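Structures given as structure tokens follow.
Common to both upcoming complexes is subunit A, partnered first by subunit B, then by subunit C.
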Partner chain A sequence: MASFFFQQILNLSVFAIVFKLVAPVILAAIGGLFCGKVGVMNIGLEGAMLVSAFFSIVVNAMSGSWILGILAGCAASIFLCLMLAFFTFKYKAHHIVTGFAINTFASAMTIFLLQTFFGSSGSYQPEKVAMIPVVNIPVIENIPVLSVISGHSLIVWMAFFSVVLCSLIFYKTPYGAHLIAVGENVQAARSVGIDEMKIKYSAFVICGILCGIGGAFLSTGATSMFVRDMTAGNGFIALAVISLGNARPYGVLRGGLIFGFANAIAILIETYPGLSVPSQFIQAIPYAVTILMLTVHMLQNSRRMLAPAKG
Partner chain B sequence: MDTDIQNVIEMKDMYKIYPNGTVANSGVNFCVKKGEIHALVGENGAGKTTLMKVLFGLEEKTKGAVYISGKEVNFKSPKEAIANGMGMVHQEFMLVPSYTVAQNIALGNEKTKKIFCDRKSEKEQMEKISKQFGLAADFDEPVYRLSVGAKQRIEILKVLYNNAKIIILDEPTAVLTPQETEELFCSLRLMVKDGYTIVLITHKIKEVMDISDSVTVLRNGQTIKTLKTGETNPDEITRLMIGRQLKPKRERVECKDGKTIFEVSHLNVMDRRGALKVRDMSFAIKAGEIFGIAGVEGNGQSELIDAIIGFLKPSSGRIFYNGKDITGISTSDFRKESIGYIPDDRNLRGSSLTQSVAENFIICSHNSGKFNKGPYLNWKEVRKDARDLIAEYEIKADSETALVGSMSGGNVQKVIVAREISKKPNLLIACQPTRGVDISSIEYIHNKIIEQRNEGTAVLLISAELTEIMGLSDKIGMLYNGELVAVRDNDDSVTENEIGKYILNGRQNPSGTEE
Partner chain C sequence: MKRRGTLFGAAVIMAVALISGCAQKETSEKETLSVVLYANGSFGDNAYFDGNKEGVLRAEKELGIKAKLIEGGSDQADYQPAIEALAVSGEYDIIVTLTGKTSDIVLELADKYPEQDFFVMDTTMTEVRPNIFNSMYNQCEGSFLAGAFAALVTANTELEGTNPEKVIGFIGVMDSPTINDFYDGYEQGAHYVDSEIEVLKSYVGDAVNAPKAKELAMAMYNSQNADIIFNVGASAGLGTLEAGNEAGKYTIGVDVNQNSLYPGSVLTSMLKTSGTGIYNAIEMYQKGELEMGTSQLWGIKENCISLATDELYEEHVPDSIKEEMKKITEALVNGEIEVKSELY
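== the complex of A and B ==
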């Protein structure tokens, strides 16, 4: 069995699986990070990705353009995120309750539309989907080992790029400084003339865009179909990944990759011929790993908190 | 309009009525001349802070006119006020804890190179300002690690960095030690010399006399008078502020009994992180004696109190009450003793803001039998008792069912004092009993504490306010880094300066007279 895994890792297919799995999670997590920085735990990530997955494939199939598909998905996702922001900031509704409502709404709405327009209650599989392109890097794709970075979807690259961009925005730009200030001490931000609402809503728009891209990838990049509730907890995993990454962009990347590897290994075990372990058990591995990592992370954190402060 | 160019700030006939009907300002006139330090004084709720918030664009005025350097303005946000050369140092620190000092100072006014922050050139400017006005700061240190004095300096650096020429300081000395206050005043004097104009909100008369050029007194939302500081005296300002003379301090009666009520012996207490915060502390308090512990906050006061009331277990040492060992007692058992405890944080520990005055009164006595009727509370009795206490302790509350959260700080404090003193304690533990309350409430609470002492209660007073310690205590313990570095009888030979040296430097007393 060990040689089987070794072989898989050697031919690097495991990386292809990992990247494909983590791209939407990382995108949603970075989006959620923006909301988190302004003080809202956005549990609506799941719903935002789901509506994007639905609308992007519908527009994609109608227009034949993956770009239009992504844009439509982003629009739907931004709309949902802004709805959450509106209820939270304008009407002071509790963001967890609102987020939950948003998720239920997203799930029900997509199923309703699926039923109404495509006559199916389970899935929608258009004949022609313009798939989000795969980036093949010339020369490198033929070099052994290095070829691992070639042949991934454009969205995978966007996910990694979003991490870098997020870090630059947070720690190098005035906008990022204002964003974090609004989340940490809104009075301080207000007192120096920062428009807190502009910052808060903009964070939700950014979150909407990122969830939109992630959602579009699910239906028109990783697969070419929409299945009801196809986000399957990716939004919540994203929240766990944020926590795992200490609410820092590169931490999110690390957390996302850990989750991705756990997931990839589960898939590999599942495909191992002649294994008699129940598949449900194997499918639980990534979640178990996430919980385990969160526990380890919490213990580390509490130890850090208890250490006497310097100076 | 007949505005004088000399007046950098002129506010005419200002009204501010909040949507809930609270009238904060009703006809305030306020003029500040260029290059002066103008003190704005008044009791809590007199409308000082509201007036300044209107001026700074944080609140919208209901009526009135505001002129800055002769030009009529109506700031809708702090941004506009800042753009017009105004700066405000708020009562609460407006700092982002995880940011460095430099990031905090630049917040909202970052310099950029292309789209990125230019931290280097920001820092150059900060260093220049810091040197010019003697405001030392470590720019790369995260703010959460700073002392309150340092945080205060950062706030001032921030307004200077934002190019403010008119600076409003809202009770800046409330959290500072005498030495830190003096340093702050030095910087303010330097700033005025450089052409800055300063408005200082305060209710400490001593500071008004020390540093201001003019003083405007507000009472009940109206301007009472504007005076030249040189032409007035503390008594006049106090009279204008509270609208009457201060009552003389209650006379002390020597207590004959002198039995030791409370004793702490070789107490060591660690905080929750395991750092030793109270070191080998011993003291005893007799009946009819006030033992004051002076010290800068964070020198072990909270850990000492937590050990006494049963929140923390001392690592060694003993605590005795009436000769009984109460070391490591549970908080509920502690509260069953006839001990009054006034916590330092009235909102966190002292009261329940979302409950009524009556409910707050029975927080510890709800099970004592007096207010019970079978398994239920006897609300009739609870309310009657509350009405009596409200009348007796001169608490300003609409009724006994008014929410404590809707009351002013001074009145909340009176509710707590009333609750703790009305149980006729043998021992009263008072922590910062007058922090952030107005002069009349301070006067009232101080007199109540002395009254208790005269009736034979032992009082443990913990305060960072030296005037309070010196004004009330029979004995003073100087606390530094968890240790009582000196204990003195409070006679005329004790000076504020001497206490200040002990609580800031510990045993290395520069004068060399003690220890």
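== the complex of A and C ==
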């Protein structure tokens, strides 16, 4: 069996699975990171992705354009994120409670709309879906090892790009500095004349866009259907990935890849013939790995915090 | 603050009591048979729950009964109060519930409401009550057909995209006795045709994660050289079917006829025509032929289990396979082949 996995890693099919699984998680995590920077743990990532998955496939099927689909998904997702921001900042509702409300609302609303417009409360499979294109890079796709970077969905690239962009925004632009200032010390930010609310709401808009892209990928990129609650915990895993990444963009990328890799391995193990390991155990691998990594990470952190005290 | 919460809670309880109290009064003489289907899940899976829904709706149309459909959703804590509310209302002659998740609830309620008749479909109950009718569909027998079919497909050379490796796949919702019963039949069927066939088995883990089901299927096709996969994956299983189509390989649908979802790739579907089962039970009840207080197993002979042999099947399946399947089906009906199940 070990040789089988080695072979899978060698012929790189494992990476195709990893990237596909990890793209929506990274997008949502980067979105959540923006909210995190202004001091809100956005539990509503899951719901934001779900409404986007729904609206993107509906608009996609009606218009025949994946771009319009993604835009519609983003609009729905931004709306939901702004709703969360509104309740949290304007009415001082607790963001965790509001986030849960958003998730429940998203799940119920999509099912309600499915039922109303498509007469089905479980799934929606339109005849024609304009799938989000796959990027094949001309020369590279034929080079043995390098070919791993070819043949991925556009969204996979957008996910990686979002990490780079996020890092640039956080650490190289005035906006990023304002964002961090508002999150860490509102009084200080106010004293230098930063419009606190503008910054906070803008973070949620960015989060909405990223969750929107991630959600659209689930229904019109990874598959071409909408199934109720199809986000299946991706939004929550994104939250774990943010923690895992120490709330830094590249950390999120690393955390996401670890989780994606564990997931891909679980999928390969699951489909391996004649395995006597209980399937529940295999299905728990990605989550067990996430918990393990969080623990390791926390230990590292606490050591780092203690170090100056010793010196 | 705390007191206000308690007061509010008390108000809610009173309101609920009031509403259910009102409902109870409305019990009156009924002429047409009134049936409610309580689905412990949601319709729209293009499979199991939709099949049951069709059966009840057909009974409404053809038998002139009054039918009501209720979606219980996925929260199991809701089932008991919801079913009890139906029994309390006295509005329905028959309450139909599905699967083992509701059998214990019904058993308890049947004692509490002896006037109310219950059908518990698609599960085996070890004990019943005089006001319960229980029927189990022999999914193991049907999966045997699916397994035999898959074995014939992977050995076939006429079909495009099949490879010489004798590997077939199975993707189920989760590792549960019912789903494993499908697998048991599937494996027996495959080995009946060719004992060397390797059967891959995976579970999605939930009923909605279609992207994951798709990845599992892709891994079976691409990494393990499977030619055909039997989808027992509820809504998530739609991902399995899509993978089959995308990989240029084959799948077998489940519960309802899924052939038309990806014509030519979904070669056939194992029909657990739960709709027929419910329809038959209602019809028999109407005629007074149904033996309440019994537990029955319905399979191929009773027309509750079969493979979907529609025009798409005729068009895309090679004749040699069709003939073999006819022989195997006959042998099953005659009792020449016996399918062993651990459940019943």
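The rule we apply is simple: the second predicted complex is superposed on the first by the 308 of 311 C-alpha atoms of A that agree within 3 Å, B and C clash if a C-alpha of one lies under 4 Å from a C-alpha of the other, contacts with A are read in each partner's own complex, and residues count from 1 in each chain.
In this text, a residue touches a chain if its C-beta (ideal position, glycine included) is under 8 Å from a C-beta of that chain, and two chains touch if they have at least 3 such contacts.
Because the structure is a prediction, the values reported are computed rather than measured.
Model built by superposing both complexes on subunit A: subunit B and subunit C fit together without a clash.
With both structures placed on the common chain, the touch criterion links A:142 to neither subunit B nor subunit C. In the superposition on chain A, A:222 makes contact with subunit C only, while subunit B stays out of contact range. Within the superposed three-chain model, A:295 lies out of touch with both subunit B and subunit C [touch as defined at top].
By the document's definition of touching, neither partner reaches A:104: not subunit B, not subunit C. Residue by residue along subunit A, subunit B and subunit C are tallied for touches, and C comes out ahead.
By the touch criterion stated above, A:187 is placed in contact with subunit B alone, subunit C being left untouched.
Of the two partner chains placed by the overlay, only subunit C lies in contact with A:270; subunit B stays clear of it.
Between subunit B and subunit C, an angle of 130 degrees opens at the CA centre of subunit A in the superposed model, to the nearest 10. Of the two partner chains placed by superposition, A:65 touches none, neither subunit B nor subunit C. Between subunit B and subunit C, the shortest distance over C-alpha atoms in the superposed arrangement works out to 16 Å.
Across the complex, subunit C meets subunit A through its residues 42-46, 49-50, 71, 167, 169, 174-175, 198-203, 205-206, 208-212, 214-216, 218-220, 222-224, 235-236, 238-239, 242, 261. Against subunit A, the residues of subunit B that register as touching in their complex are 58, 77-82, 88, 90, 92-99, 103-104, 106-110, 112, 115-117, 145, 158, 162, 272-275. Partner subunit C is touched in their complex by these residues of subunit A: 8, 13, 17, 20-21, 111, 114-115, 119-123, 125, 218, 222-225, 227-230, 232, 267-268, 270-274, 278-280, 283.
Considering their complex, residues 168, 172-174, 177-178, 180-181, 184-185, 187-195, 306-311 of subunit A touch subunit B.
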